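Below: a set of structures, written as C-alpha cells.
Two complexes, one shared chain (chain A), two partners (chain B, chain C).
== the complex of A and B ==
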C-alpha cells in the first residue's frame, strides 16, 4: 500500500495535538469527525469498519470506533477528491457498475488511506452490494468479517434470527477483544440512542413547518452522522446543535419537495439552484428514520427492532406507505427520487414509487445520477429536468 | 404594440419566432455555433429586421433550449419541455403524447390540455438523438434526411445492436464494408433510434394522439420507424423544428 504525505498527516499524532486547540468553538459535527479520525488512525481503540445501516450502538458498547466506509466515501467526495480513488478501483477491475460508494471505498483502501481495522461489521439490510464489498475489505485488511443477514419480511422468526446473530457477533467480538459489555454500558449507549431519537423528532416537527426552516441539503448531509452517532454521547449533542443552528426562514418558499435516497456529495450546483428557485426539501427518507425506543433489558432484540424500523427494508409496499405518509405530513407538493447508479435497492423500486405517487396526484421526478462520482454529473441535463419538473408543479 | 418573442437556443440550431398578437410576424433559424449569446443576439436582430419592429416594441422575450441562460436580454427562461408542450398545443391541441427529438437529446412528454403532466429525457448517451443520426448519415455520405429516405426503400432490415453512438458507427462501417444493402442498414439505424425513443414513451405510458416536434420530425425514416415501433400514427406539425420557439413566444404573450 502506498503511503502519501496526506496519509502521513492522518496518522501523525502531532497533527491531532496541533489541531486540538482549534476545535474550540467548532460545531459538534466537526469535533465528532475529528475525534473519530484521530482515534481510528492513531488506533486509540479497536476500529470496526461498518456498513451504513449497521447498529453502531453495538460498536460503542464494545468500546470500539465505528468507521463507516460509505460515509467516509461521501466525505471524500464532498472534498472534491474522489476521482483518483475511483480510478484506482477501476484500474483494479472493480466495475463501473458497482456502487460508487463502494468503488471509492475500495480505492481508498487500495491507496492506503484507511486506518487498519480490527473487524468489519456489515448487514445485508437494504444495500445489496454492501456485504460483498465489506467481505472484500475484510479480505484486503485480513481481519474478520461479521455479517448479519437480515431477512426482508421481518416475521417473528426473522427477528429472532437477526437477534441471535447480533448476540453471537457480540460474543465473538467480546472474545476477540477480551472485554465484556456490562449492563451499565448497554444502558448508557442505548440511552444516548434514545435521546438522539427524541432530538430527531424535533427536527421533523420543524420540517413540517411552512415555510420549512430546515435546509434539505444539510439534512441529506447529516444522514451519515445520524447512522454513525447512534449510541455515542455525540448523537443527541449533534442533533441538538443542528436544531439550534436552524434559523427562522425569511426568504420565499415556492415549492416543497420530498427527497428519496441520497444526494450528490461532490461539489455540484444543484442545491444552490434549488434554493435560488425557492425550493424547500422538506425531508428525505434516509434522515427520516425513526426507530422504537431501545430497551437495554434485551439489547440485541431491541437493536433488531431498530433494524426493522427502516422502511426501506422488506416489501416495497412498506416503503411506499411510509413515503406517502411522510409526503402528507411534510406537506410536500412533489417528490424527487435521486436514482443513484449502482444502487439496486433504491432504483429497483423507483417505478412502483412513481406509480403510487401518481395515483395520489403527487408529481415525481426520477433524477438519474451518482452520489459520489462527479464524472457522472451532466449538470445541463439535470438542470433541465429539475426546471421542467418545477414548471409542472 | 403587442409584440412577443420566443428564442429556442438549441445545441445545434437557434430558432426564433416573433408574434404580433397571435399572428406570426417573423421566424428565423441559425446554427447555434460556439457562441450562444452572440447567436441569440443575431437571431433577435434578424427577427426584428424581418418583422420591421424596434427592440422597444417587443414586450416580452422568453428564451428556451439548452442555451436559454445565454440570452441576457430575455425577460424569462422556460425549459424546452414546457415550450414544446405549449407550441404543440397551439397547432395540434388534441395531442396527448409529444416526442421531441433534438440535436443532442430526446424527450417524451405526456400532455393534458397543453400542460406538461410528466416527461422523460434520454440519459447518459446520444443514442436516439439528432446527433446519432448525423454521425450515422456521415458514414453513407448522406444528409440525415437522405438517410431516412434511403431507409424507406428497404425491403428488409439489418439490426444494429450497439446503442453507443461510437460503437454503432463502427458497427455500421463494418456492415457497409461487408456489402450488405445500404437501404437495409439505413432501416436498421432508424429502428435503433425508434426503439430507444419508444422505450421512453412507454415509460410514460403511450396515450394517443401522438405528435413529434424537433428537427428529427422532418426525417421520414425516423417517423416511419417510430410509427411502426409504437403502433400509432404520428402527427407532424408544420415546421416541427420551430415548435419550441413558438411555445416560448406564446408563453411570453400569456405571461404578459
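== the complex of A and C ==
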C-alpha cells in the first residue's frame, strides 16, 4: 500500500483545524462526516472498518469509530473520482465482475487513502462478497477480522448462534483494547439507536403522504447515514434534521415509485430526469429498514433482532412480502429494481421479484447499472427504458 | 474429440437405467454436504454437473451476471422429472438458485446453512438433523444405525477408490479424461465406479484449481496436450476424497458435521491463510510445471482469492494461468494455446 501525500493531508490535524470554521452553517450530516473522518485519520479513538449492516451500536459502545467502507465508496463515487481507484483494484487482479463498492474500497486502500484500522468487523448478511472483501482488507492492513455469520432463516437457534458470535466478538475486542463496556454505556448507545428509530418512523409517515414531500434521491443518499450513525448521539439528531429540512411540496406528482436496492452515487442525470417527469420515489428498501426497539438488558440478543429485521435475509419470499407491504403503505404505482452489476444477492432475485409483483398487478422495471462505477452507465438506454415504463404506468 | 465426449445428461441417463428414475435422486451442489444421509434413506446422491451451452429455461429466473454453475444447475433441474435438491448455502447465487428451485419444485428443496469454520460444527450438526428430518419425512422411510453405517461405507469406498486413482494419476498412469470420469462417478451414485484404464505418461505435471470443471472436453484437451494431472483443488475433487467420518455407535450427525467442516477449506470459508498454505504445500510437493486456475465466472468467493493466490504463486516462481470458466462458452483452442504458452514459459525459467 502507498502512504502518499493524500494520506499525509488526511492525517494532518492542521487540515482539520483549517476546515473547522467552514463547518458553521453546514448540515448536521456534513458535520458528522467531518468529525468521523477527523477522529479516524487522527486516530483519536480505535478505528473499526465496518460492513454496511454491521450493528454500529457495538462499535460505539466500545468507544471505537466505525469507518464504513461501502459508504465511503459511495461518497467517493459521488465526488466523481471513483474511476482511478477502481482501475487500481483491477490492476491488482480484483476482477471487474466484483461489486464496485468493494473494488473501490480496495482501490482506496491500495492507494493509501484509508486510515489505519485497528480491527475489521463484518457480517455475512447480505452479501457474500463482503466477507471476502473485508478479509482481504484486513490482510492488507494486517489487523484482525471479526466476522459474524448470519444464517438466513432467523430461527431461534440462528439467533442464538449470531448472538453468541456478537458476544464473543465483543469480548475479544474488549480484551484487544483493554476496555470493558459498562451497562450505562449500553443504555446510552441503544437509547440513541432507539431515538433514531423513532425519528425514522416520522420520515416514513411523510413518505406515505400524497404528494410525497420526501426526496427519494435524498432518502437513498441517506442509507449510509442510517447504518453508520445508529448508536451515536448524532443518529437522532441527523434524522431529525433531515425531517425538518423536508418542505411542503407544491409541484405535481405524476407517478409514485418504490425503489429497490441502491442508486447510482456518481453524478448522473437520472434523478433530475425523474423529477422533471413528476416521479416521486416514495421509498426504498434499504432506508426503510426498521428494527425492533433495542433492549440494553441483553444487548447482543437485541442487536441480533436488529440484524434479522433486514428483510433481504433468507428466502426471497421474505423480501417479496415486505416489498408488497411497503408498496401498499406508500401507495406506489410501480417498482424500480436498480440492478447493481456486481450484486448477486439483489439482482439474483430480481426476476422472481418481478414475477411476484406482476401477479399482484404491480409493474416493475429492472434497470441494469452500477451504483459507483460511472463507466457502466448507459444513460440513453436507461432513459428510454424509464420512459417506456412510465408510459405503462 | 466430439465422438468420445458424452454429455453429462447422457451419462446421467445411462446411470438412470442402472439405478432407477430421477425421482429417487438427490441432486446436490456442494461437497460440504454429507452424502451419507441421502444414501442412508435410499436416495441416489447425484452431483449436478454443469452443461456447456445456453440456459434458456434458467434465464427466466436467474440473470446473466450470476454464477454460470448455478444457472446451469437450474437449467438441468428444470429438465428433470423429479428428485430432491439438497443445497448448501454456499453463496448468494445458491440462495437465489434455491429460491428458483423452490418456486418450480415446492417442498423438494433443502437449503442447509453452512458455517465457515469447523469450530461451529455443533450448529452444523443441527442443520444436518434438519436435513435428516426432511429426508425422512419426504421419503417416508426410516433410518437406523445399520443403514447409516452402510451408507458411510459406500461413500468411503468410492473415496478410497478415487484416492488410488489419484495416486496413479500422479504417476502418469491415468489419463486426464479418465481421472475426470472417476472423479465424477465418485460423486454420482447413479454411476458405477468403472475400473480405470491404463493411460499414457503425461509429460507436463499440472495442478488444476477452481470451483468445478465439469466440461469433459476440457479434460480431453488436457489429454491432447499430454498433461499429467498431479492434483486438483476443485470443489468436488481431492478435497472431498479426504473426508472419512469416524463413528460407530455415537452421534453420527455430530461426527459428520465435524468431519465435513474439517476438510481442507474452500474459498468460501474463513481460514484463507490455512487454505493458501495448504495449496502451496501441495503444489510444491508435487513438483508441478504449472497451475491452471479455473474460477467460475461471477464466483465472488473465488475471485477474491486470486490477488493473494497470484502473489503467492509468483513468490514461489510457479507458472500459472487463469482461465475463467463460463459454461455458456467453450473456447477450447484458445485454452490449449494458453496452456502451451504457460508451460513453455515455465521451461525457460
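We take it that the second predicted complex is superposed on the first by the 389 of 393 C-alpha atoms of A that agree within 3 Å, B and C clash if a C-alpha of one lies under 4 Å from a C-alpha of the other, contacts with A are read in each partner's own complex, and residues count from 1 in each chain.
The definition used in the following text is that contacts are C-beta pairs under 8 Å (C-beta built on N, C-alpha and C of every residue); 3 or more make two chains touch, one makes a residue touch a chain.
Since the model is a prediction, treat every value here as computed from it, not as a measurement.
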Which of chain B and chain C A:392 touches, first, second, both or neither: first
Which of chain B and chain C A:157 touches, first, second, both or neither: second
Chain A residues touched - chain C or chain B, whichever exceeds: C
First (chain B), second (chain C), both or neither touched by A:363: first
Partner chain in contact with A:352 - chain B first, chain C second, else both or neither: second
Contacts of A:384 with chain B and chain C, given as first, second, both or neither: first
Which superposed partner A:95 touches (first chain B, second chain C, both, neither): second
Contacts of A:315 with chain B and chain C, given as first, second, both or neither: second
Chain B versus chain C as contact partner of A:132, first or second or both or neither: second
Touch list for chain B against partner chain A, complex: 66, 78-82, 105, 115-119, 121, 123-124
Residue numbers on chain A that touch chain B, as the complex places them: 358, 363, 368, 378, 380-381, 384-385, 387-388, 391-392
Complex interface listing, chain A residues touching chain C: 92-95, 97-99, 124, 126-129, 131-133, 135-136, 139, 147, 149, 151-153, 157-158, 161, 315-317, 339, 341-342, 344-345, 347-352
Chain A-facing residues of chain C, complex: 60-63, 65-67, 89, 91-93, 95-96, 98-100, 102-103, 111, 113, 115-116, 120, 123, 126, 267-268, 270, 272, 297-298, 300-301, 303-308, 310
